[in-house]
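A quick write-up on the structure given underneath.
First chain written, first letter: the chains are A, B, C and D, and each begins at residue 1.
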């Protein structure tokens, strides 16, 4: 049995951070996580189980204000940041300098292309250092970056929408089967926890229930991740997110045209081969489509498809839990790969 | 056909205020309502249909900042206040002085008993004048106060929970059938719009969906209304509100012991007699219970019951739409009575 | 004021039929509707208000078994069929022969193209007569077929999904602005009432809540309607319906490529011009998108769009209430046009 | 480490049975469960993961038709019945005769009092044998019957509503603190999975969503369990179940009068003492109430309360997940006690 290591989480009072705290608590090779709060964080309290009585009775989850000295004193080996983009952008350089492995759940370190990153409008104090760090950061989808993750000191955990789309398309795009010039349409629908814990008009129960709405058409922040990871151009992608009246879960319906006529079997086989060593992507048999329910509270990304009778027009459907495979679960999976453990530890 | 009058609404951007604006727009004897905003009101905009595109296409709902001169200039005859308690408490004296009829949807003028009113902690500038006004205010449930409403210049529109409980119990309590010393238990469940439009942790979709919670046990503000209107004592009532994962609707399950053994027919007949002239209370046949769905988007309060085989223990269930019979619809009904119109005008 | 006529509804116990019965009851030129039940209809009872206590207190809605003699005896002038496809297919010829105007809410008479109609697998007793009748049937979207409706004796009320897609695309497609060869993608999401009142595994609360699923990809019955009405070819359309965890409402997200670079203003103006005389289609300003909530319980179809910065890729979003503009409301609107009344009668 | 044993489940395609199959699969001392189907069971298929793709990817869950020979051949040591009442009533005698331990999730063996059992209307082939077996059956709430469970061969797993009410009241009632003559009111609200997987009008999404309804007032089947386990009389209890628009979870709001004036501390202390050795009951601090969300997907029953200022009127609120602590989780907990394992095995 491997040695246990000390993890820490900043932002455990948010939805993804809380999910992460829970997962780490049950992880066989992780010591009980140190839970840090940030100044100004909403709903700060002395104990996580006061905010989330869900976990009371398990021995308590004390929270403490973040400070670099505590980090060092506690021997933290891996730091998870469930913090706003700008906070992650500011803190990561110091953490990496201190030799701590970082898994950042924000969008701060995901995008190499300056044009795509512009949407975040980061003000780096030391642009040169930031650029260098950016070059070292590994995009955190283990199914695509397993070997780089093993050497990584900074992981940019992938976005929830982006994960659902990238995992669905990577096998076909990388095999050159998709007519990219025709364009790819990604119609995604997400539960409300994706919008975070801060109460806003947009997340008010009465505004969401009995409703469905599209938003950020042509300008959602996850667009750049999808483009970079799939190696496609902005004009080749339309990505439309929608807000679903459910707490969690994402379903992406993806429309592509194939370069040549194919059979359902060939497509299924292409996908299965690509994910042969990846237990957390479940490929559905041709014509059978995943539903959001199937992957809730798991680290699975489910992928299915229906092929038109013409053998060229393809509808791919992928589902995942935005707080697990779309955030906290994937973060743990990334940690597992980083530290050379079985990818499923703490996620079964 | 009666002459039309000019109504005005303050607070039309909130859930109850918006419902009221819509109802008034369709009312045959009301001119198009003047819609006032208050300083500091959330989501203020130039037109109501920008905030609520639901009503766009109907000719526009301009909003304007409240001011007494405009009120006078527009010839406003009846002023609806969908404002916070303390605002209503402050504004009503001036409005009444100006000779405008006021229908206040807040809790500011509902409670005569100082002990019950203490929960609001009002700071009246002129306590004597407030006391005098309080004595003139009519509690706004037309089924119980029809004749006083005809003479009223200030109506304190009843609370949503209170309406559902008072209408269910009034016939039995007034007929002396209920063993009050045994105590009355009111277990009420409400949709989220009852908590208002301001986004809070409590109204965040993720906190409400897939959930149910009790709150304000033994100290909800509507308790005093129930006590006063039914003429019972604090120690005779337990009222427990719950927050339901639905946008609107209230169901109250009410438990009483009868003073003597009765039949279901006798109870039904007592209720039907009491509401013989009240089309907005629907009495269900013995053993058939109302559900929230039945009264949504209507001004009905539905009342049904089940009697134990012993003929003494009685469960009464009442349902209404908290934004209609529990707020805006009842306000229009009160206006109808005030101005001598058919009680159903604008509410069919 | 026009003379009143006698309507009848078969299938008023279903969701669309009930909505229709309610609308007709409030229609100024329609007598109280005769409500017929069919043999084998689910939940048959003597009175509609026993099944739907929502409408109790309004004087009762007696139901009676359908029979041609009663139809004649009651002087029914317009017959609404909210019946299964095969029942409508069988009954309409006799009704038309009897000189009754028919508005059929099923898919029985919507499709002229035999290939598209094949999906229903109708067995016509008299194929020739059916073909003749088919040629007379008018597709029931008043915004597109107003003048034919005025002469029609048989209206094939449009499908709910089809209405949301056709109304969104008709202005652009008819103006020749859409690159049809590139293909049109329609990603639609519907509330559960669209699946009918019959309880099935698919409509079980536990299977729908907290979930989203795509179904009938490449083979949904409404596909033919969209193709015929827009005049496009099967290979030019992908239509993917999804089942939303809400009771009612449809949102369609539609992806097209324009033939040439356009401005948002030009698109908005094209749409506004097309619907200049159609109060029930609300065009949203460029960049502002409709949400399901806005049109619930109304006869509106809301249409908005976002144009990519390249001015060629367009996302159109349309919303409607599947039981109103997608079924019962549109049926009443069709009746209004048929009888020369104001299109908004009974629908305001 | 203890020896592993072979469990079997009949009825794994239902909601509680499926939850049970999942829990057993992860149990450290249970072999992979044999999953039996019954003739006539809904949705029968060759593999459970076809019906519930949730669990696909875990190696498959083959289903086979139930037969006594297979039971013996597979060396089944403990048989879980997630079957209808009458099936359990019929099968248990044979299973016990064969020396298999039985944990029955139905109501078949829960009630000793013939008057309470009458509601099920069982037709026992051998009434004498049934009576003898009934006397041996242990009511399956480990917190109350731990020592008897250790010797049991037949466990009647408790009802979901009953568990939520009994666990909330047992400490107070057994300590003689409750004025039983005054009567106990239990107002319970449950998610829809409690109604089973069979689609009915009652479980149709459109009938449940946006709704709340009370049902089975004064005649719900769980009443007898509550009476027997708490040792109270029928006239001392009112139990009103309600159907909540959520998939799972129960909240019971319970109203009692205390025999004498007490402090919140004394009540909390009474409860904590009673459950000192029971990790699956979480007592909340006085005035803090549990919500359904806190215990979802766990085996916890959460209990909190608010005491009136008079120190005599008490509102107790308890929450649990009806499929876990209210069914499958409690069944596993019962198995753990039966076989002398740590009560938390497989349930952490």
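Basically, a residue touches a chain if its C-beta (ideal position, glycine included) is under 8 Å from a C-beta of that chain, and two chains touch if they have at least 3 such contacts.
Treat the numbers as computed from the prediction; the structure is a model and nothing was measured.
With contact taken as defined at the outset, subunit A and subunit B are each touched by C, D. Two chain pairs are in question, A-C and C-D; the one with more C-beta pairs in contact is A-C. On a Cα centroid basis, the chain most remote from subunit D in this structure is C.
If each chain is reduced to the centroid of its CA atoms, subunit A and subunit C end up 40 Å from each other.
Centroids of subunit B and subunit C (each the mean of its C-alpha atoms) stand 37 Å apart. If you average the CA atoms of subunit C and of subunit D, the two centres end up 46 Å from each other.
Counting partners per residue, subunit D has 209-210, 245-247, 291, 293 as the residues that reach two or more other chains. Residue ranges on subunit C touching subunit D, taken from their complex, read 15, 43, 192-193, 197, 199-201, 203-206, 208-210, 245-248. Remark: subunit C residues 26, 52-54, 56-57, 210, 279, 282, 284, 290-291, 293-298, 300, 302, 348 touch subunit B in the complex. If you check the complex, the residues on subunit A that touch subunit C are 182-183, 185, 187, 189, 207, 209-215, 217-218, 235, 238, 240, 242, 244-247, 249, 251, 253, 255, 257, 289, 291-293, 296, 306, 308-310, 313, 315, 317.
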